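First chain A sits with chain B, and in the next complex the same chain sits with chain C.
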Partner chain A sequence: MKSDTMSFATIGRFWFPVLALVIPLAIIVVVTGQFGGLSIQRTVVEMLISIVIVVGLYVFVGNSGIISFGHATFMAIAAYASAWQTCCEMLKPITMSGLPPFLRDQSIPLLPSAVVSVLLAGGAAFLTGLVIMRLTGLAASISTLAVLFILNVVYSNWDSVTMGSASIVGLPTYVTAWLALGCAVFAIVIAYLYQTSAFGLAIRATREDEVAAAASGISLYWSRLIAFTLSGFMVGLGGVLQAHYLGTVSINSFFLSFTFLALAMLIVGGMGSLAGAVVGVVVITAMVDIFRRLEGGISIGAEQWSLPAGTQELIIAAFMLLILVFRKDGIMAGREMTLPEQEQREKGLING
Partner chain B sequence: MANIVQVLVDAIALGSLYALVALAIGLVFGVMRLVNFAQADYITIGAYALVVPTASVTPPLLLGALPSALMIGGVLVVVMALALLTERVAFRPLRNSNPSTLLISSFAVSYFLQNLVMLIHTGRPKSVGIGQGLANAVEIGGVRVPGIQLLTMVVTAGLLVALVLFLKKTPIGIQMRAAAENFQMARLLGMPANRVIALAFAISGLLGGAVSLLLTIQTGTLDLRMGLMPVVYAFFATVIGGMGSLPGAALGGFLVGVASVLLQTYLPADLRPFRDAGVFMMVILILLVRPQGLIVTSAAKERV
Partner chain C sequence: MSRPSKERLEARGVAVAFGGIRALSGVDLELRRGEVLGLIGPNGAGKTTMVNVLSGFQRPTSGSISLDGTDVSKLTARKIAQAGVGRSFQAARLFRAMTVEQNLSVAAIGSGLSRRVARERALEILDWMGLVKKADHRCDSLSYGDERRVSIARALALQPSFALLDEPASGMNDAECEALMEVIAELPARFGCGVLLIEHNMKVIMGVCQRIHVLDGGQSLAEGSPQDIQKNPAVRRAYLGEKATDSTLAI
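Then we have the complex of A and B:
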């Protein structure tokens, strides 16, 4: 067989799961950019940022099978780091007087500050992972919860640097739909490359069977630590994007409600595949948006009608429970987007 | 000297409260490998059952208006019913799922209940006055102990003894311990799975109800998240005690409670707000030294 034609088809087949996710997202951005109202456009950007975050979360949770409640920590670290570097130069010496002088008295350009913030989040994930990845399944999950609480307590009370539980307002808002799309595509590509790499296959093996994987010479500790660190970088990127999209940073937006929503997205779509992570974000974002509008009130004819505030949270939680009970592996059930003939080939492989 | 005794009393009172919550978590974990986030909402809802649902910050009393015995009974029944309901609706269909799925589902149940309370009672903290007489201090051997702390210790000690007797002496208690040891095997030997699991939830509800009463008398306020911190502490308690070990859960509960009070007392004033972070850091450090927890059970290691 000729190598060049073969490789072309192979490359196409290899990248199909990514393209099948990225192209619809790009279409959504183009269409809503042309025809959608402002509020739809906002929802789309929020959705793209959520994709960065949830795909980042998926890199660890989906591949390792260990639930993490701690990823909002790394988002918060990146978002605050970015705020310290870029926010409100005039006010900083007063509101955040505890910052070291090189941060307090000047602003750092946007790109380097974003890079530094993301690196900081990844570094924090690496350090936490060094400790937590020594633990097994549930104990590790609960320890990530401890990490979330530690950061929340520290940032809520470290008034001179984080302004306590108040919001930091006035970050430059440079995140557009196209930038968010670019970052979402970047996150998807990274996650896909990782899960198809040797490291990715190794950690997926530990997810299916810890003992067998360890017996095949895979280090549970290192494979998980790598995934945890990579996913720390990625949610860090999500944190920076969110901070510079909303223009404000507040520690309470990185706590349990947010963690719940991110996990709900991952579980509903199906935590076993990249496609599941992305589909979950799209579905939950759409649901949240619809119910938020209904809570805001709509008029049917002359009647003004609205759902009581809080219905949206109840419905999301109930929906997630229904998915867990009736379709436990989520909407995508661990599958990637594949070409029909490819799927058959894979089935054939399994059967034969 | 009296000061140290005072601190010790505080520490033991808080430790025993956390031990109660940790036992509730540990019991349910034992029989179905479920780390139950919703325990926080059992506590919260038990406390909210004391008042009539209104938007007011000083709501009229509902169960709280009844005579003490009926009030206590009412709250316990409400919370036990709630625990059984969540078991039946949410957790029973998931019984054979892996622990991660169960953990996530309990997170969803908790989120659901919390928002339900918010929908019914609004999100504002409320004040409620029950058991005011207990605020008075009792003097014992030169140490003034607030009545509520004394009550907490007595209630905890009583419930602990009752629980131990139940688990060691009654047939169903023995079945429950067998289920915690090896669920499959116990089932093959005729352990009634549904009844044992339902009973574990009922007991966790009972303990949750007791905690919500103690907390409400102590603070005099109702808050959507009042159950959260005790349950998070209890999670860490069960992890450092050794998952699946009931004595471990109680021991862990005492440890985190005592550590919390000691840090509160002896940290310099400007570091005190960071107390919880200190306790949680300690949890992670203990796990670093003993990843399986302090008391390792045979059930903690997965069989191949």
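Then we have the complex of A and C:
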């Protein structure tokens, strides 16, 4: 048994899975910031934003075991909310004339607007979850897809407020590599604290065995609702970051192709662990970037050589298939980054 | 203990029908705090159905379940668990991707403890059962015997007033059975709970139960002390067939 005062080693062991993810990310940011070209730096920022989103998705999907197709909804809600508050003060009265006056006629400072947007995403996730977290298994997954479609239809047609399916352009772009890194670290820490908390244990138990969880006094509904709401906040943050990195918001960038890419990242890395979520983003981002460059063309000596367009999507799909066939629990197979000794302990090779 | 202990878990006239099949008809059963009550009967007698009814996983077709006189027949399994009825399953049903300590902590959290206190309670129980060295093992790496013991430990982590154990000794060897008997016999004194024990191993049943309830074909056949049950001719016929000899039930 441990004494009451947590020793340095205990704290170190507790935080190791987080440090093992955060430190390499920080190194990537520093190295590419010093030596990388502009396009590499862009890729790194996109990767960090994806980490915020996929880790947010993981908080629900990974811990509950229920695939959600609906999380892009909460990203879109946050991204649009932030656009309404901060975008293009001169144009808003013309392009988004349906906005209420307090939004239409003024801009709201960046930080409060970001906070409000994230809260709105979390609130929307909570309200949605109140209804659909009563469902289990496939029904829950399909209902999240329905939520995505509802939002897409509403925002695509609500012309006076969302500019329909056109892009809102001219958002302030304040997202730097360091801000994105900060948010990624924040998301990883929140996800880790959550999954090691009482709430996290409870929902993981429902993922493993719903019947035994009920016999242990665990509420399926509440534990899932908490995860869904927290997850909504986190992807909302991702939505705000993406909007203020690209400077544009468009409803079609929060629809099926985005949803599938985010899920692909989670599945490739392994949806059973936080490390899986982060590793999946890094691997898929790297692959997308490499093949996008090859599609764009490279010169070898005097020869100009390029892959046919669409190769990148094919390769990602093939890679996902290979993962599902040969390593169905993903690259990390549901495990966190652990010290070798800890891994042996979990496998039962070390006692005590 | 965070919640007041209950004294009696009662089933009155419980009947369960699955379509046309009557799994239980009119069974009365009373489990008191501080005792180990054996529930035996041939395969298909309705033992597991009875445990499912008592733990809220099966709504009785008629009859009622009460905790200290309060009707709990309409409560969900989770609410009944929180009211102090813990159970284990025939298949261990552990949370396989989680560690042993986390499995117990889940139940302790379900009973209303904080994460930190839940962990302390989990380690306490594991220590008592001689499993504390395996606290950090993932459950998918456990041996069969350990799986069974962890599933009992998890039922105890709920701080139950009543623990319903469904064939805890199945598949265990003699030495493991002996150790398990010691654990079960000590439960009432150590955790202040009542234990309902379903078991096919007569040595275990006769060794640890103060009272035994016999089911056959969904009906109560007899109830009494181990000695009474061993002598009861109706039990011998139903449970062991006509050819039962004196030595079969005698331990």
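Here, the second predicted complex is superposed on the first by the 342 of 352 C-alpha atoms of A that agree within 3 Å, B and C clash if a C-alpha of one lies under 4 Å from a C-alpha of the other, contacts with A are read in each partner's own complex, and residues count from 1 in each chain.
Heads up, the rule we're going with is that contacts are C-beta pairs under 8 Å (C-beta built on N, C-alpha and C of every residue); 3 or more make two chains touch, one makes a residue touch a chain.
Since the model is a prediction, treat every value here as computed from it, not as a measurement.
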{"item": "Fit or clash - chain C, chain B, common chain A", "value": "fit"}
{"item": "Which of chain B and chain C A:145 touches, first, second, both or neither", "value": "first"}
{"item": "Chain B versus chain C as contact partner of A:211, first or second or both or neither", "value": "both"}
{"item": "Contacts of A:328 with chain B and chain C, given as first, second, both or neither", "value": "first"}
{"item": "First (chain B), second (chain C), both or neither touched by A:286", "value": "neither"}
{"item": "Computed vertex angle (chain A) for partners chain B and chain C, CA, steps of 10°", "value": "80"}
{"item": "First, second, both or neither for A:308, with chain B first and chain C second", "value": "first"}
{"item": "Chain B versus chain C as contact partner of A:267, first or second or both or neither", "value": "first"}
{"item": "Partner chain in contact with A:137 - chain B first, chain C second, else both or neither", "value": "first"}
{"item": "Touched partner set for A:219, first chain B, second chain C, both or neither", "value": "second"}
{"item": "Chain B and chain C, minimum CA distance [Å, superposed model]", "value": "10"}
{"item": "Common interface residues of chain A - those touching chain B in one complex and chain C in the other", "value": "211"}
{"item": "Contact footprint of chain C on chain A as seen in their complex", "value": "1, 196-198, 201-202, 204-205, 208-209, 211-220, 272, 334, 342, 345-348, 351-352"}
{"item": "Contacting residues of chain A [partner chain B, same complex]", "value": "65-67, 69, 131-132, 134-139, 141-143, 145-147, 149-150, 153-154, 156-157, 210-211, 256-257, 260, 263-264, 267, 308-311, 313-314, 316-318, 320-321, 324-325, 328"}
{"item": "Residue ranges of chain B touching chain A (in the complex, touch as defined)", "value": "33, 35, 90, 93-94, 97, 99-101, 103-105, 107-109, 111-112, 115-116, 118-119, 228, 232, 235-236, 239, 243, 273-277, 280-281, 283-284, 287-288, 291, 293, 302, 304"}
{"item": "Contact set on chain C toward chain A in their complex", "value": "55, 57, 76-78, 81-82, 86-87, 89, 93-99, 102-103, 105-107, 109-112, 114-115, 118, 123, 127, 132-134, 136-138, 141-142, 154-155, 157-158"}
